[in-house]
């Protein structure tokens, strides 16, 4: 089985372990294995500005360099924050010579120890952005191929109406991420169609859910999440599908609060794309971590299995 | 006749000097963010599309204008910088290619350098600490606390 | 006036030019009849001291072949200049530096290292390099000093005429000798024994005025007969090389290598050829163009095969010259 | 500070007009270059470039019209091909190919001309002076 | 040795403030052969020129260098002056020490040193300059006008009225261009068709105009005064020479083709006349949609046409014409809605562009002038106009201002208001630009008297929500965001060059600027000429323009053509390539290099020769000549090398 270097990031090891588990399961059903990096660290989550410009890029650079040094040129990640951070770091290293040199100055501080341990280790070379960072969804689109996925469906999600939710950092900033058009993306739509489900168009798919304001200003997040979810539900969606742990948190666990503030709001299930992928590929419903969802998903999941049985 | 003291007028004129409009604050913002605030021609696109605009007391485009004019106090006291969720919507739409999100980051940084966290780890409830995914907590600390 | 006195000398060259003189064949006795050959180390027993003993301008004509590569070459060039009325740079080495001149693409150090230490066939455990002066029990031995840079003859002494070619073809040599004997040489400084155009002028292969989309090395191509080799993608130096040889190489399907040197209107043969080749590349894409050009390994060695010391830059720029 | 000497070969229609525009726009840049005007960059011969290096230039700039915009249709493509080969030749001669710079500068790009000059000067400063090839030339 | 004179201009303080002009004159004066060197405050002034003439005679000068501004400005001035004093004009050269020296440097010492190098290099060039005579060529007094919009129409009429023949080439079946699509024109609100149609008819009838519609320029060769063009006329499958334009065929055609003239709001048959006032009023068959071409059947039009003008076997025809000058009036396009992703990428039915709205307004349009929105035909009551849709957006779209949108949007809102009295128009704008006669007044009228709401801010996002179209904007003046649930949204999309303009630029070998609009020779002083002699520009192909400006520029272009045709012969720059016959070895590389066919192989002599009349003097063949036989007059390799040496301070 093809092994693909995989960076899970912290959330997937803990609060979003069902995202990790479903992704691994789905990948193996599609014929590749998510091969977790050794001794990885936090990516830094966001690169804010700082006086020493490259300081915030060091952690993510180290992950990329270690990936390259282990002989791999492709790194797959799932969490939108990790994806954004790693991809932008890599972009800056590739684009800007000064950033590249300065980052390598930091990275080089690990050098003496390595040389001491493995004298035969290949000589130190600057990390110059050799690794290609891919979102798992991007991998599915560009490497596996949506057509190939469609061929392998064992439990097509026919009849299911799914609202794609992109959030912010999966697509933006466009010049550094370049995954899709930030105003008119189609990657999740393509994914939904590849699973045999129907796409629900609604205007809020790229609007922000509030991100970290979830902690500092929960009410703001509640209002934003309400707009997104009610718009999707209003267009007839059975569920929302996304990939970011933080978006998941805001859109799923916040629905209780939404119901309190906006009477008449009807809860709508939220899925990680990997969960639906795993199910569509014949995965076991007990392995998707549905018990961790705040909004009950059983209706939708039941319908997936029922659909299959009808056939 | 009784002499009543008048309340101070609410809308004092901005004081512009060579320093406020060219040096100091604007330069710091430019250096930190790597952006040129003077590129902004006030089209307002950032404000139009900002998902948090209705939560802000000063719209992003006005923040850019205030930075151009070196109005440090008004900018740093505005709640806008703490409401911005760094979603990059403004950045991708700016016709002049200004990374407005980075300007917001820079403003937050300058405000935090004055010494107080806007929202520090001690304000996070144990329930939040236990449930919010790490990227949310990490980015929150990095953006809103020193 | 008696018979003219003629000298031949061989400096840094392969010796082919000496053979080229013999190549005049049947006409050699005519030469011997018409002139006194008084100095020709390759063919007759003479000593440098014999030469030193001659009066200045004693020799009427000296055909000097070979580049200036070491102190002996330079000394002999100076000596022969002094002793000769007419000094002729004979052959490509003396004219423009030729193959020995390619040494200018590397440093003296590298040459010594390659020759005496690193070449696989060398066995030199002490890594001994030749020294200019060596003390031996028998006394001090002296070797000529190897120069870092190869020079053309006219870069060290004043030259009256140039006969190009590697080697000059026999008929041209004879023409020059005849002119010397008849006293019909043109004005000083001229190239003699060659044409004033380029090899294409003498070449009979057909040109269709097409561009080229890639270079191919001659041994990898079955050339279309009668068709211009350059247009078939083979680098042919004929477009930038003085005529006179009769287009010998192209006439047998091999490209001109440029041994007759720069044509009269050109100073730097290599640069001009680069310019011409750049004009006929059939691509407007930068990457493709670059890829086509990468089909030429070592352009300096190729375009300046015969003329490097005579070019604008003369040699590779190294930090080593400030010795 | 080392002040490199630069020769700029500019086509009159684009790069030369761009240099004029930099002037009319009063865009200051380093005074290290002297411009030599050609009708077309296609007139520029590698021999001129080598001559400049041989005479002590530390850098040579060739400015032409953007690809597809040549006033004489395709002169700039010839320049591009010549420079591609010439750069390889410079490698052989031990001359850093960064000393030869080819830029497409339109008549409207005064600012680009100025920034190219500044940038090129800076680059040449970091490369240091060009060494003369032979002792004779050094003298 | 030549006796050379050097004149260094102060240009007031333009040069003298940064360059020590006296020192320049002094240093250059020390060069061998320089017998006279001076500085003077304004060389281009009458006394300055007189000084040059005087010194040429007094000092018996063989050559002159004027160190001053760019040669593009005064080279011909000084060459004329030199000629008047009996010096061959090509013995005078300009050293550019203003644009390329004094104006771009501030360090006086360094600028002076550079100026000295520049002038010394020019002395070295001039030393070897030959005296030349201009090359004289005859002129073909016939003009080609490319594009049959208002600019092309105006230029063609003006030239034809002056008595010269004109060929007007238009790629559509009819002339008229975008102006024919407009309803009313700002700021006077007169009917576009009413003012355009008479001009179209005049073109059709003019004895000096050969009208070639449905045609494109395929190839052009030659030079100013003597071009040869190939024009391809597309097969109309209708024999126009006998067609009476009765329109029977268009009525019987069963095919339905979206009308591009009506921005796809209506359909016409596969055989059609684009609009009723078309000139020529003859139909064409759209082969792609014609049932006969697709299936081999139908042929209704053929059966209907009594005179037998339908010719399914017609083929494209290529015509060859000789002309002396070309007016390029290739027109403009607008940015496709699909490019504007945040505004719905063209998929929201009630988001349309300005030209589409013109058709909705037009009395002869698909709705007969009633404003009905595309999705359901409802009369829209809330209409949002969005300006700068793709303009002034260097990051994602077009960096420039499209210039006409402020006014036409105001016109749109005003006309809308006139048609739908209870409707409310809103205009989102960044800045309102009213730089034209009567424009500001027009804007005030719209704002003050017509109830149009202007909102200062750029719209971020437009999306469909049910039957409504939601617009997210801002009003930067109040500092409030704005949400409007609109019935119709009209985008003032950026004016862009036509796609075909880029192809045309290549075919004609003229220049386009960075945004694809045709480049003028000088932005201020030569705004209607192309950089390439013999080509003149008119209309929006050169940059966004409204009707009065296009007409004015077309008149200017026509005037330039007429002035060219008024001469007997043309003089060309003699600094062309020449061949040393003794050196040329006939490698023929120059022949494949020459873009103008000016190099030919002389079989008899076995060498390549130059046709001086065709040579444009680019010098590509000179660089390509590895045998050194080809040189450029007054710019030989020796001259260049000497200039380099002098520039580097060597001898």
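In this document, chain identifiers A, B, C, D and E correspond to the written order of the chains, with residue numbering beginning at 1 in each.
One rule holds for everything that comes next: contacts are C-beta pairs under 8 Å (C-beta built on N, C-alpha and C of every residue); 3 or more make two chains touch, one makes a residue touch a chain.
Just so it is clear, the structure is predicted and the values come from calculations on it, not from any experiment.
**Student:** Starting at chain A, how many touching-chain steps does it take at least to reach chain C?
**Tutor:** Minimum step count, chain A to chain C: 2.
**Student:** Could you run down the chains that neighbour chain A and chain D together?
**Tutor:** Common neighbours, chain A/chain D: E.
**Student:** Name, by label, each chain that touches both members of the pair chain C and chain D.
**Tutor:** E
**Student:** State which chain is most central when centres are taken as means of Cα atoms.
**Tutor:** So the chain nearest the centre of the shown protein is D.
**Student:** Could you let me know which interface, D-E or A-E, is made of more C-beta pairs in contact?
**Tutor:** D-E
**Student:** Compare the CA centroid of chain C with every other chain's and tell me the farthest one.
**Tutor:** In terms of C-alpha centroids, the chain at the greatest distance from chain C is B.
**Student:** Quick check: how many Å separate the C-alpha centres of chain B and chain E?
**Tutor:** Taking the mean C-alpha position of each chain, the two centres sit 45 Å apart.
**Student:** Determine the centre-to-centre distance between chain C and chain E, using the mean Cα coordinates as centres, and give it in whole Å.
**Tutor:** The answer is 56 Å.
**Student:** Distance-wise, how many Å sit between the C-alpha centres of chain A and chain B, to the nearest whole number?
**Tutor:** Chain centres of chain A and chain B, defined by C-alpha means, are spaced 29 Å apart.
**Student:** Among all residues of chain D, which ones touch two or more of the remaining chains?
**Tutor:** 45, 47, 51, 74, 78, 82
**Student:** Using the touch definition from the top, which residues of chain B touch two or more other chains?
**Tutor:** If we look for residues of chain B contacting two or more partner chains, we find 89.
**Student:** Spell out, as numbers or ranges, the residues of chain E touching 2 or more other chains.
**Tutor:** Expected reply: 342, 461, 593, 620, 623-624.
**Student:** What's the complete list of touching chain pairs for this entry?
**Tutor:** A-B, A-E, B-E, C-D, C-E, D-E
**Student:** Using the touch rule from the top, collect the residues of chain D that touch chain E in their complex.
**Tutor:** 5, 7, 12-13, 17, 19-24, 26-29, 31, 34-40, 42-45, 47-48, 51-52, 55-57, 65, 68-69, 71-75, 78, 82, 106-109, 114
**Student:** Could you pull out which chain E residues touch chain A in their complex?
**Tutor:** 341-342, 345, 461, 463-465, 470
**Student:** Using the touch rule from the top, collect the residues of chain D that touch chain C in their complex.
**Tutor:** Listed in rising order, the residues are 45-47, 49-51, 53-54, 67, 74, 77-86, 88-89, 92-95, 130-138.
**Student:** In the complex formed with chain E, which residues of chain B make contact?
**Tutor:** 41-50, 53-54, 58-59, 61-62, 89, 93-97
**Student:** Touching residues of chain B toward chain A in the complex: what are they?
**Tutor:** Touch residues, chain B against chain A: 32-34, 51-52, 55, 82-83, 85-89, 91-92, 99, 101-102, 105-106, 108-109, 118-119, 123-124, 128, 131-140, 142-144.
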